[in-house]
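As written, the chain order gives the labels A, B and C, with residue 1 at the start of each chain.
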Amino acid sequence: MITDRARRLLGFYCALACAFSVLPVIGIVAESFTATDYIVFPPTGPSLKWYWAILDRREFIESAGVSVIVACGASLAATALGTLAAIALVRYRFFGRRPLQSLFLAPMSLPGLILGLALLQFFADYSLPRDTRAMMIGHMIITMPFAIRFVMVALMGVNPNIEQAARSLGANGWTTFRLVTLPLIRPGIVASLVFTFILSFDDVAVSLFLSSPTATTLPVRIYTYIDQNYDPLVTAVSACVVYVAFTALLVIERKIGVGRLFGLSEVTRQTK
Amino acid sequence: MSARRASVPYLLVLPATIVFLVFFIAPLVTLTINSFYDYGRLTGIVHVFTLKNYQRIWLDSFYLEIVGRTLRLASVTAAITILVGYPVALYLTMASARVRGIIIFLVLSPLLVSVIVRTFGWVMIIGPNGLLQSLLAPLGAEGVHFLHTEAAVVVGLVNVLMPFVVLAVVTALQAIDPAVPFAAASLGASPWRVFFKVILPLSLPGLLAGMLIVFSLASSSFVTPAVLGGSQFKVLSTIMYQQALILQNWPFAAAVAITLVLIVLVVVTLQTNLAERGRFRAMFQ
Amino acid sequence: MPYRSAKGRGVDVTRRAICLATPAIVLSGIVSSPARAQEKIVLASYGGTIEQFMRNVAIPSFEKETGIQVVYVVGTALSNYSKVMAARRNPEIDVYWANDITHLGGKLQGLYEKLDPNIVTNLKDVMEVLRDPDGIGVPSNISTTGIQYNTKIFKEKGWSPPTSWLDLWDPKFKGRVALYSIGVLYSQEFLGSMARALGGSEKDIGPAIKKIKELRDTNGIVAFPTSPADMDNVMVQEQAWISNNGSIRTLALKDRGSVLEYVDPKEGAALFSVNFEVVKGSRNPIAAQKFINHMLTADMQTKAAAGMGYAPVNVNATIPEKWVRYMPTAKTIHSYIRLDREVMNKNLDQWIETWNREIEAKR
């Protein structure tokens, strides 16, 4: 239906678009191995000296720690609370279900920057400190919609009759959940844990406002650094962020596939 | 027994609801209230109701220009991202399974990398001693300062937001019953006509959804305009940051934030309404 | 899906959660334990060459002497000021080191503590004219804002060095002038100096703004750097040949063999000080004051003059021979312009707004 030539042209364009898509990330990783003392393209080397240089900079290591801790906390909290909420939203009909669902999904439509500013002013007004706990809360809010969505989708894929069968065999609610439902929605929970982790780890918008001198996440640290400096050190740090993302990607790919993660079910071939 | 069962859903949603009320709704309400307060360097935040902040944004030509620039940046980015991303989505529907997997991976995986890293990657590409300069040097076009221009910001935003368009359009394209374009072709329509008269209109909901997502993300984007646009490139998000974190004028920053949210809300609502009333309204039902 | 032991799966998820939580707990232990083990203060100040000096010279010697760890937080004077303001009820910063405008602003807002002369024993050696009358904070170093230019280019073109602020308007510098963005102190000093140079004062910057706008329209401003490091780049890469800048920037680069030179304009160079403050509510006020005292010792002041290019305030410190002409002393300090900090603090927001709107807005 479409000419061969047109198809090849489209394919070529697509290749260019894909290259464009990954260009900055590849560039960062490539540059992080440069042997020069300043950023130049193409990089010379390869050399690991800038990775070793990170170890001298306590503040980057600390920020990496802060990012990981906050991401773990936010991810666990968002998934735990989100799973509970998802069960209620999918398996039960109750007054206020629709509005509650809109409420829980609302942070997806709100720019993170706005929420960050709101939380900053809120915490200051109530004399609450800006520390890792505050950041965990902020990250939990912005990641919960995703957690809820993943678990809801997983739950909707489970035949409620299975749970009914378990119940009629004498299992109570909690046992049914633990031994029957939970294992069946495991992919959804794993997706939620990994995705909310990486979302929190990568976050800049909320973290910009909630970062304090003693608790700064890695992306914010990178941003403030490049505001004042321009050297390959921050390239190496950025490359580390890429490696974390890549690890998450591999986990996701093995468990449920990258396309599925973003809502793309099996893309069927439509035109020949 | 039935009363206990009836309370189960409420108990399940209770933790999340409390968290949301305290740390999502309450802060936003506080933010809105704060936007009506005044601020002075010597007085601090003055808790007196005033419309001063909003008047400053909408009646002062300096800030009005910034609002315009934000809208312009978001619209241009949305338009270009659609043009760049649509063909990719189209090709995805006609590629082999293996190629499809590769494209999905290359296009979607950057979404898992922090935006600061991706934007910094662009700084390295178009900045001093970067890829662009080393490509242009043999042509003698040195000293070209692409960094810190609006165009650089657009390129960065298109790069970061392209996956969203591809996702939205692919979802819409997949929903098209393949029998329809096939029927059109068998009735004698050329491939171009099939595309423009059948496929494109049928994918309009996805296209529009993608455009709206890109528009709202681009208008609230901070890192890319700040880093690629430089300190002189002022948009609402950078103004908000400056006012809140450098000048400590929290009420004004709050007003800018609320303005941003309202603008995006208005545009999204307008678009959706237009879509549902326009020529292609059948597509959106 | 193939049937698998449901029980195994249930435990698996719990195990997964524990696996995620454990590294988090261990990491949080590692990251926070140094804090518990030793006394620590948080110092907020500038980046670039100042940060390097602090990290390489001042902080290690302090840590060795007292065993108190110093965490260095980088930012501009204004961005660090807002960090102090934002966390007023839960101070995160112990020592705030910035300029004399933020000193006055914060003092009026009650952000800083009074220093105890029994801990900061070197207070008595600080130049009297600079000390705060109420004993809040203390100036630690002084410097001036003037004209920076590229000697190599000037020599090539056969130009004589600039002598007046008005030289910036000389058409021969078309497309080669850089001015700091208004957020940086040097720009604020420049604006005030121009107001005075045109016969007025910092109370009314209207004429100065008009004149600078003229500069933008005729010679064009090639860049508005937002930080000293930024300006360094612009001047070193020869994007600009002449700019407004602080003397310490030139001295820092001179050490690296740069061709950049600084000169006081004939209308008078504006003098500013950088001040140490102990943030009110700090959890380590004594350690903070010990640190400030350390920076005020004649020895450290001499090292700072040589290492950072900041003139000392301690009357017993010595200035490196090569830089005598750049550094104000107790004897020469009255020949410099000291802009009215009260006026500047009060009007800072308007200055920033007016500058952004009239000069930096793209037309």
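Just so it is clear, a contact is a pair of C-beta atoms (placed from the backbone, for glycine too) under 8 Å apart; a residue touches a chain by one contact, two chains touch by 3 or more.
Quick caveat, the model's predicted, so the values are computed rather than measured.
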item	value
Arrangement of touching chains [line / ring / star / complete / other]	complete
Best-connected chain pair, where connection means C-beta pairs in contact	A-B
Whole-Å gap separating subunit A and subunit C, where each centre is the average of the chain's CA atoms	36
Interchain centroid distance [CA atoms averaged], subunit A/subunit B, Å	17
For subunit A, residues that touch 2 or more chains besides their own	120, 230
Contacts with two or more other chains, residues of subunit C listed in rising order	83, 86, 226
For subunit B, residues contacting two or more additional chains	128, 244-245
Interfacial residue positions of subunit C with respect to subunit A in the complex	1, 4, 6-7, 9-10, 12-13, 16-17, 20-21, 23-24, 27-28, 30-31, 42, 44, 47-48, 71-75, 83, 86-90, 92-93, 226-227, 229, 233
Subunit C contact footprint on subunit B (complex, rising order)	41-42, 44, 62, 65, 128, 231-232, 234, 244-249
Contact footprint of subunit C on subunit A as seen in their complex	59, 62, 65-66, 68-69, 72-73, 75-76, 120, 124, 127-130, 132, 178-180, 182-184, 186, 189-190, 193, 197, 212-214, 224, 227-230
Subunit C - residues contacting subunit B, complex	76, 78-79, 81-83, 85-86, 105, 108-109, 181, 183, 224, 226, 237, 345-346, 348-349, 352-353, 356-357, 360-362
In the complex with subunit A, residue positions of subunit B that touch it	6, 8-10, 12-13, 15-17, 19-20, 23-28, 30-31, 34, 84-85, 87-88, 90-97, 99-125, 127-131, 133-134, 159, 162-163, 167, 170-171, 173-174, 176, 178, 181-182, 185, 191, 194, 216-217, 220, 222-223, 226-227, 237, 240-241, 244-245, 250, 253-254, 257, 260-261, 264
